[in-house]
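Following this line, the structures themselves.
You will see chain A twice below: alongside chain B first, and alongside chain C after that.
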Partner chain A sequence: MNTIANVLRNRSNLKLNLTQITRLSSNVSEEKIVIPKAIPRGPTDILRALESTVSRDPTATHYKYHDDPFLIPMSNMGKRTFAMAQEAGRKAAYWVREQHPDLFQHQEADPPIKPFFPKMVYSEDEVTEDTLKHVIDEVLIPDAKKIYKLMIEKGMEISKETQQALLDLLCFYNNEDTLSEEFIEERWFRNSAKEKVRKTWADGSLAEEIFISIENPDAAAYSAIIQGMAKHYQVNRAWQLFEEAQGKGLEVNTSTYNSIIRVTSFMKESYDLRWSFVNDILSLMNKAKTKPNLGTLNACLEIVSTMGQSKTAKSYALKLLKEFKSLGIEPSLASWYHVLMTYCKERGPVSTILNDILPHIENKEHTIRDIKDTFFFVTAMDICRNHLHDKDLAQRVNKLLHFGNNYNLIGDSYKESIYYRHYFIVLCETEPLDEFMENIYNKLVPHIYVPEPGVIAEVLKNIDMNSAVEYLPKIWSDMLIFDHTGRENLLNMVMNIMINHKPDESSELNDKFSKIAWGIWSKIENQNENRIQKLAFTGEMLGNIMIMVLRNNDFEKAFEVMQKLDKGMHSVVGVPKLDALSMFMDHCIKEKLPTTAIQCIQYLTDSGFPEAEDFAIRLNKSLTLDETHLGRLGKIVGEQFLQKKM
Partner chain B sequence: MANIQFVVRSLSNAKKSLKPNYCMLQRLYCSKSDKPEDEEAQKNKTNDEAIKKLNSLLRQMVESDTKVKLDLAKPGNKKALRQEAGTKSIKNEPVEKTIVKAVKNVAESMGGNVKQTESELLSKLLNPVKEDLEKPAASLSDIVKGMKIDRETKSPVSVSRADQVKQLLDKTRHQSNGPRGAPRQRRPVKHEVAVHSEPIDLFGEEPLGIFTSPLETYQEKENSMWTTLEDRELRLAVTQPPSNYFQEMILWTEQGKLWKFPIDNEQGMEEENNVYFADHVFMERHLEPWCPHKGPVRHFMELVCVGLSKNPYMTVKEKTDHIEWYKNYFEDKMKLLKEIGAVASDTKIPQKQIDA
Partner chain C sequence: MSVITRILDKNVVKQLPKRAAAYYSNKPNIEEDIGEFRVLYLKTSKAQAFTKKKYQKPEVLPPRSNEMPVDQNWGNVWPGPRTFHPATVPLPLRQGYVSKGSPPDKYANAELMKIPNFLHLTPPVIERQCAALKKFCTPWPKALSNDELCEKHFPFEVISSNYCHSSPSIRDPMARIVTIKFKLNDLKFDEKSRDKYLRLVGDRYNSETGYVTIVTDRCPTQKQNYDYAMYLVTALYHESWNVEAWEELKTEADMEKYIWENNESKKSVEKLFGKNSEDIAESKQYANAVINFMNEGESDYTLANYGDSVRILLGLPAKTNVL
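Coming up: the complex of A and B.
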């Protein structure tokens, strides 16, 4: 009924519109109204439209963290820990559901939601080929293995298609269980860069058993096992089987050729041999009339990128691009990644090929077409920073990354943080500091990117160079939050900047600097006893702290530092600069504290400063000393000092 | 005595490469000392010579003190090796040349004025007799005096020990960096991009010429399961933790945990979509074949039909089955019904089943 009313209302609206339009276009002769056809919408289209209106707020934490000041992670370590803690909770829930399926028999939703069902347990009587098919489709590898074994024990017939699917599944995942689709965070934080390039293929596994059990294996079976072995770097046997299949005249599929090309560098040492091998495989494909695809192009380019920095490798890469272009195969981001790797070698000549690549991919939304597409952005930014030092290119790459949904191609958290590290440093080196702080630092830090200690050092260096000390308090507070204060080099850098760039007497920076210096003091003073790499005071550091607090006229703190210097003669390495002690002396005189001043002179003589005498004279001149003080001074610097006074 | 021992030890510790040179020199000296007139000369060397030697010994003492040379396996400098091999191949050099080379090495190892030391050593080697005869024999006191003078002129020994150590440390540091450090050194970053600055036409190169026929002529072959798994991996590679609630809802929708938009009350009831609503609502037509047209049974059954037509939880099949059940029930009880007059005595329930 409602729908009918709706339709009616729409109709009357339409009529209204029509009259309006006719009125408006009365002078225009006969305009045809074309009513657009209804566009079929998927279930997530509305959500996507809504989602596109929400952009990332750099001042807020990521959505996954609790929006509570106490629960906002501020360091890379914290981000990881918090997210993984959440994931651990999710895993615990899964575990409980698996251990006690009896507790989850109720059905809350109608229609029932399959992902909420307890895990199936398979017993001998229930297994059929359909269950096997089902678990294969759901990528449940341990279940698939179990069911297959049960079926073999019972002597059940398994159709060829199901067996092939199972073989594919086992070869693809190397007989191992894979991370469930549910655990997005774990996948996000997993360090993909550490994936080892070594033989991981499980020899004699179920996949091989199945392959052997097949009488007269066909091309599909050969394809599966060869691809599996090549994917997990069992290179020799993969090649053996490939030759066997060739010998039998079986036509393996495209991906198999691709996977063989991809492991070329494990079979052939020299660059020439590699290239001729790749050519041979491509010719074989052509002869067998097997359709090449993007994977073929990328595999070839990957091999070319391992061929050193010779000119020939570069021309091979271009030849490959042209060859596949004329076939109508467009390169993906992974292809460009390999081209970049070919052209921009760490120690090779500088190449600006990124300039030529960008126009082909700019202002486009890219979808993933190759698993290595996610390597493009981090590598491109690396080249912008280390190879070209070009901030404009860096900005262009960054713009491309934020175009449409391209951000999905950033890969994982590890790649993301490396990407931002490069981006950050290239801009820090090339942009004026003010702009950098305004547009980049304040925007990205800390929610999108937490600078590593090395990056902070770079920023500090820039501050020092530009004498932009007004940024120092902010950087220092960030350093405190990111827990970078345990690094001696950073502490020294901060100290030196404060010493070298003395603010005006009246500037409020004096107060801030004094606080920073005192922060460093208490950081070292109150560090955890059990820390392995403990920070130790050096005389110079203490002297600097003294100067900072004295510039803020905080004599009490300076006194404390002096006590530390005096008492800790043996634990403190080195001596402070004379400037610091001289400044301390001046303040002693100002505060009329002869005892402290004498203590300072004592320290000077103990540390072997020849200037101790001058200090004593200065003290004696500026303050009227009583007998005891004079006596002590005399003991310290010698009796002749008394004469000099006259 | 202990000092001398120490000197000897440190000498033997000195650079291995020097050893052959020393040996050669010694051999040369020895061969000369066979002659009687040389014996004296050998005993009493000139001041300079002795002092230099002592100095060099002292120096080497310090050197061997500081230099803890670990003979670690290092990746060899290929070029250097090749060069070495090249020089080795030219072995049959005249004796003079080897001597000159050896002397040069010794002079360099001694430090100080290298050229002078070299020429002195050479002249000594070439005509030892003449020189020795000309110079008067030096006594021990002379040597000592010479040492004093040497100190005044700031020989390397007189430099403070700390400085010496520092120098040596610097030197060793350089040395240890030497063979390896050279290739390791980072190129100075070139800011002006010079080498490949001309634009590269990415698709301008000649093609390989392997795949000559158009793409359509090639057959497409893939393992279907493998392809789906690859697609799954690709999908997961770009699945990131949701960054707002809408994204989370998208994720849940795709995982089948949420109702799909647009919200539809009949979600998950796809089978019912094929059933016309009239089949659900108008149930009376199922009564027509068997139910009496009036009377309490008809009244009851009409109420049952109203109830069923309003029940959203039953499928049409279940509803007709329900009516069927009543039909069978009344059939069984027909005798009784007739007796009590609930049904006219002439009615008969046909055996035909209701068709849905």
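Coming up: the complex of A and C.
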């Protein structure tokens, strides 16, 4: 219920700021009253201050989900689905409002919220330059295009500034509508890593039309169109226009130089050529007396990072950093990202440059200054894991990420999960298992990070190595929740750990292991019929399940498994280990169930175990069998076993 | 026609084994009908058996209160006001009434959800929030060390309320109301203007506490109401000092109480002694006695008092008890 949440009673009964009517008769001799000036604050400062007292609760999901066990997403898939479902609802609402603007004439909100207004529809009579300006300010690209066309049709005059603003807008967004800022979830879950580097520039679009329509385009127009083309990888024409502008002696702005540098690798093949090209551009900037900025540094470093493993690349990177430092340009996280990319190549020699970078950025709050700033953390953690295997460094990077508002620079959900994957594995490999489970696993899983099957496999491997089977029930319940139980390799790993590390007879782990084994059984038994890749029982798996339930003295379940083995001989691949059957036999004898035991022996012979006879002898020794049983046994293994008993 | 039926027949039998058969042909013995043509039964009978899809219970997380460490920061778990949730609150709460047995526990307990809770305002949280808000606060003026000084230097008390909703509108009609309180004695009056002021404010004056309270709510915004209240205070004060021409026409008969100075009693005393009443030593107590007698009415006490004062005024011996 969205009712009154809070009533702030503002009782100024101390009578301060409002009225200052002092008594006429007040004594002059008294101490002078000094009322301090109010400390200026913004409208949200109080909220921010209160928010700073709250930090992340590791037992809770992100606040965008409902805090209820039935509504908390439990797997990566779930997280995405739940969030996108909400987003879809939001989009549906937008759609309905757009379809039926007549139904939304009322204004609930006060002060009115602009994004909730129905969309404007422009017609020929109403458009003016002011509407165009307004639409450009609001980044409504389709509307801007439409209004511009209407104005051209009517032959209206458009001022140079507005035309330039429209050109900037169209070049920046490549004539396409953008994803509204309202849809944060879609932005968060959009897989930015999949965006390919390819030409996306719309040739012959309105931006180009506008550019052509300008007589004697000035430097600003050239800057806009060159940047747009370079941004969307229409490299050749960008370069052509750049040269044209140079030929005309126009001074394009710094960002234009930066965007040209950024696409160097599309124009020049060899590393040397790239470097000399970058140098040429930089000297052009120098000649034009254009001051470089952070973008220039990052563009240059990006090119250097594409120059392979050569030593020269590394020296170039250092040279650039030094040069720009002397210009007073502080490198951003993106610059360090490019440096890391230059130094730490997959197949190259190990470099500890991250150690040297961290002191520059540690214990500082960073804000985004370059679009690639968000790549730093994921790359740094990748290097900690794959390049250096250094847990201390990983912890330092993690600490930096959680310093102040630095978490904003994690990027998107994809980067976040890769970051945690690396962090998880590097610590899993290097930390003692107990500490890892307590400090990392229990804190991050499942709400902050849901381990992928590969990561779970890594944890299981570690449990196996450390014989820390007491963690197995917890991991198993997590696997159930994260829906990793459809993976045969993981199931086998869990089974093998349970088989290899036999707990004491009295240990309560026997019970838990039996439950896990039975969980595996029922998971495979009750699979969704529509599943494409169905899991199938193997004989070995069934044998292992049998061992686990028998260790817990649960004969009924073992019997069920035996039935499955016996009846499903054609569907079950392979045969169980002899240990399992031997154990089953022992329990049959204990329970005094000769019929079941004989069935087991029958299965043994059918599966071609030579030990069937031994089993028969054992049975005969331990239980006194009646005639029918002996007869059946004799049929199965041959009459001679009776003699052997003698 | 028959070709189509046959194809249909084939397909139906092959592809839609149980469900479709259950829908369209519900006669118990289907085998009987399968001759060249099958009979299509459109009417469904109630006895028909559906193979119900087996319901698989989804995996649900255990309540997260189970995994909460005892030394956790509760403020992070419950940062704002919200409805009670059993899986989030690690307390063995019970609420409600059943005729037998203990009150119901926290799961699915509507009683716990109905009542507002203050789980977001635990003492450590308040402490932390105060510490965070401290940077917006200025020190208290030293000269205003106690309440009396405050009242003396700032006699006006202005009361208004702000409301915070989670709704699309930030407005609340209650926020427009402004209340102003001050002590009547803080204003400078003579007797006449004070009387007039009291008549003007009416029941806004509380004679027990001595406070005048003015509440304004007729304007749409708080500021307008405040301004209006201030206007009222000013206008009332000056109006009470105004003397209209007709006020001079007030005669003795219009007086609401007896005033000795205006009356015959004073004149006759002065006449009797031949000097001004101020010069007569005993006139004061005589005047008081007359005022009491006239204003409070005739009673044994006022009458006796009056008699005594007359004796004193005229220098007669005190009354002796003569039967």
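A few remarks follow.
As a working rule, the second predicted complex is superposed on the first by the 603 of 646 C-alpha atoms of A that agree within 3 Å, B and C clash if a C-alpha of one lies under 4 Å from a C-alpha of the other, contacts with A are read in each partner's own complex, and residues count from 1 in each chain.
By definition in this document, contacts are C-beta pairs under 8 Å (C-beta built on N, C-alpha and C of every residue); 3 or more make two chains touch, one makes a residue touch a chain.
As the structure is a computational prediction, the values presented were derived from the model and not from experiment.
Of the two partner chains, neither chain B nor chain C is touched by A:Gly204. Once chain A of one complex is fitted onto chain A of the other, the partner contacts of A:Pro610 are absent, as it touches neither chain B nor chain C. Look at A:Ala38: by the touch rule set out above, it reaches chain C but stays clear of chain B.
With both structures placed on the common chain, the touch criterion links A:Asp110 to chain B and to chain C. Residue contacts after overlaying the shared chain place A:Leu50 against chain B and chain C alike.
Contacts of A:Gly249 after superposition: neither chain B nor chain C is touched. When the shared chain is aligned, no partner comes close enough to touch A:Gly155: not chain B, not chain C.
A simple residue count on chain A separates chain B from chain C, and the partner touching more is B. Touch criterion met: A:Thr59 reaches chain C, while chain B stays clear of it.
Taken together, the two complexes place residues 41, 45-46, 50, 54, 56, 110-111, 113 of chain A in contact with chain B and also with chain C. Across the complex, chain B is touched by residues 41, 43-48, 50-51, 54, 56, 62-64, 83, 110-116, 136, 139, 164-165, 168-169, 171-173, 181-182, 184-185, 187-188, 219-220, 223-224, 227, 251-255, 279, 282-283, 285-286, 289-292, 315, 318-323, 325-329, 339, 343, 347, 349-353, 355-357, 360, 367-371, 373-374, 388-390, 407-411 of chain A. Touching chain C in their complex are the following residues of chain A: 2-16, 18-24, 26, 30-39, 41, 45-46, 49-50, 52-57, 59-60, 67-70, 72, 74, 108-111, 113, 442, 480-481, 526. Contacts from chain B toward chain A in the complex involve residues 187, 189-191, 193-197, 199-212, 214-215, 217-227, 229-230, 232-251, 253-257, 260-262, 267-269.
Residues of chain C that touch chain A in their complex: 56, 59-64, 67-68, 72-73, 75-77, 79, 81, 85, 87-88, 125, 128-129, 131-133, 135-139, 141-144, 150-171, 186, 188, 226, 230.
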